[in-house]
Amino acid sequence: MLKQLREQVLEANLEVVRRGLVLYTFGNVSGISRADNLVVIKPSGVPYERMTADDLVITDLDGVIVWGELRPSSDLDTHLHLYKSFPEIGAVVHTHSEHATAWAQARRPLPPLGTTHADYFYGPVPITRELTEDEIKNDYVRATGVAITDAFGNRDPMEVPAALVAGHGPFAWGRTPEDAVHNAVVLEAVARMAMYTFALQPNARGVSQALLDRHYFRKHGATATYGQVKK
Amino acid sequence: MLKQLREQVLEANLEVVRRGLVLYTFGNVSGISRADNLVVIKPSGVPYERMTADDLVITDLDGVIVWGELRPSSDLDTHLHLYKSFPEIGAVVHTHSEHATAWAQARRPLPPLGTTHADYFYGPVPITRELTEDEIKNDYVRATGVAITDAFGNRDPMEVPAALVAGHGPFAWGRTPEDAVHNAVVLEAVARMAMYTFALQPNARGVSQALLDRHYFRKHGATATYGQVKK
Amino acid sequence: MLKQLREQVLEANLEVVRRGLVLYTFGNVSGISRADNLVVIKPSGVPYERMTADDLVITDLDGVIVWGELRPSSDLDTHLHLYKSFPEIGAVVHTHSEHATAWAQARRPLPPLGTTHADYFYGPVPITRELTEDEIKNDYVRATGVAITDAFGNRDPMEVPAALVAGHGPFAWGRTPEDAVHNAVVLEAVARMAMYTFALQPNARGVSQALLDRHYFRKHGATATYGQVKK
Amino acid sequence: MLKQLREQVLEANLEVVRRGLVLYTFGNVSGISRADNLVVIKPSGVPYERMTADDLVITDLDGVIVWGELRPSSDLDTHLHLYKSFPEIGAVVHTHSEHATAWAQARRPLPPLGTTHADYFYGPVPITRELTEDEIKNDYVRATGVAITDAFGNRDPMEVPAALVAGHGPFAWGRTPEDAVHNAVVLEAVARMAMYTFALQPNARGVSQALLDRHYFRKHGATATYGQVKK
């Protein structure tokens, strides 16, 4: 079932490890088939070295397992909430990558300090509010997703394809598993450069709106000019 | 004698090097057979590249060598004190991993700033008191262990399986050598992320008790839900 | 056409990746044939793993493509402006290498804090002025080059073969593609050491003029004594 | 001539690169035959990849080349001054390793913040005075050595086998080329951990004299107990 998507999700899970975003099993990638309303996700706590596409789990949008023999990632309900709230996204990545996690632990949004950021994120990467004690006790994993969608309000999640969960770490997303991982990798690099920037300049400010527009729309939307024309 | 444990301890000693926690010979791992009251430990100052399971040393809990031809690690008496004081532990790891050592040199306990920490350590990782001049001169290695157990008081050493020795570096432990090394690796990652977090937010605070509970007990104890059910 | 230069430029583009200066496709190297007034540059957004010398693009100094089937790097106009303004240079490198980019994002020139810097850069590496909103909207890429040449004024670009573009990242140059990449690699190392230095000493000062002279002219100009005599 | 020493010096030069202390050709190792009063040193500016034992240069203590076809390292006169002033040393290493260089650029001595430091350096690693303009202009390389020996005064250079040259970088030494490189590697690790420590605790203090004694003399001198007994 959904063999191609399972292989893409497996490959994306392995790529976050190769890129140094994940220690042991501290991360998970999922992908969705919008045609089937089914989500493919990494199993919980299985070492990456021996994971195959047959170890992945398929659930519906309520989290009911429809295929697979293992338990799904313990973060499943966060992924499901994001898929239900953000209809354009096709994949979700969660890691504890170290610099993005430091911003999440510092409870600071990540401002757009340069063009590397602006090429991928059209404005600050938001930080979520604190969860209530009630949310933590009764509905923690889904509430993590709710805090992310709360942080976006009316902002377009495709324009800023990531969020920092306070006291936890980053989530990123994209149209495909490969695209979502790419965004997670760039987020970590941007978070690292932003940490260095504030070390050198405690009053660092974001780039101007004009520069943000110039870089973001060079790579995104109808007027994009970066890369080769798709044939 | 104790061949299986010697192989586990050798593998754990090599793993701390592969994980980047140890420069030259600055580290040591031991394991205990509780059935035999015998401890297997790395020899002192032998390069890892040529260490075999036959180079390990076996001592009783008083440090009397009962097997092996080499001198045991110079930190043996710290390990022995921990085995005698903490009956649940089966292995001890000592490294000078750079970020955990920086916290130890800064003489600061490591607070639980996020869920990565909470998944492994149920509260701050304690820093030891200063040793007295008398302890340093007369019984230094055992006194290092005493300072660790003093820092725990009535806290459960299985809930926070590590300590920072002031002006020295980290010790970690676990049920098995593999488990103890895993904790030492996570400690270093958590120490690094905590350093980054304080760089971004000098007033960073630990996570709430509710979040600490939620994450710690997801992975530990009778109600744990993380990973696959053991068959 | 210009096969040897294309191979040098390809090799230089691969070298910046191997040296860790470039994530994904965030960088570009070009070289110029002064005899032909033709520039060889990396194509836009093509993964390095499958780039060959036949994927490079050749343009004249007005940016008209005279050879090649792909779109040139989106930074082409910055390169062209530098070639027109700095007649001694034979190659240009642009990266988002993380520490040089942090200085660029902090909008600080990079002072000569030690002899590593002085061996390559005869004084501070300049930071560019902010671009105007008009420049960003109408002529952004060329204006980036103008900001660099403005930052040099009458300074000799061969004595400080690099600049930091505010809110963006570093450009470096040299007589050949290999030489320009060498300067970009040293710039990143010097930027990293300067960040560490200011962490240890917020009031760090540049080296004396005498030391700057001593080191710079040991490696450069008619009185250079470093290395082996070219036969 | 001195083939065995040339091979040791070659190996030591390659080891500093493998250990990540040296970028391009920014470092040099020499060794001395005290029986012959002859020094073997790396040639100037030759890439490490193609260096062989036949490329090394042999000079007397006045710097007169007695064997070899290449120019010696441009830092030769610093090495020679150290050999003449410190009769116990058998090898000298100079690098621009990044953290030790940051301390040198910050013009701060490196205090003994923990036992890693105390195991190798019996007290602070000194920082040299500024060179005078006259020294820089007329006798720069030898004067660098003089500044190092000035910084030691009556301290024993075998008890602290390294120095930080202000605005430049570290020199380390030892009884053999292998030993000197080992000290240079540990110096860099200790410098890195000390930088982290001050980030976490701006008022960090050195370890007590008792702890310094305990660790240093565990590894050095007649009462050393670390490692295996030499047979």
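Per-chain numbering from 1; labels A, B, C and D assigned in written order.
Going forward, a residue touches a chain if its C-beta (ideal position, glycine included) is under 8 Å from a C-beta of that chain, and two chains touch if they have at least 3 such contacts.
Since the structure is predicted, the reported quantities are computational estimates derived from the model, not experimental observations.
A rotation of 90 degrees, rounded to a multiple of 5, brings the CA atoms of chain C into register with those of chain D. The chain with its C-alpha centre at the largest distance from the centre of chain A is D.
As for how the two copies chain A and chain B face one another, under half of their interface residue numbers coincide. Between chain B and chain D, the centres computed from C-alpha atoms are 33 Å apart. Shared interface positions of chain A, defined as residues touching 2 or more other chains, are 199. Contact topology of the protein chains: cyclic, one closed ring where each chain has exactly two touching partners. Chain pairs that touch one another, listed by label: A-B, A-C, B-D, C-D.
Contacts from chain B toward chain A in the complex involve residues 113-116, 182, 185-186, 189, 192-194, 196-197, 199-201, 204, 207-208, 210-211, 214, 218, 225-229.
Here chain D touches chain C in the complex through residues 23-24, 26, 43-46, 70-71, 74, 96, 98-99, 101-108, 130-131, 133, 136-137, 140, 167-169, 195, 198-199, going by the rule given at the top.
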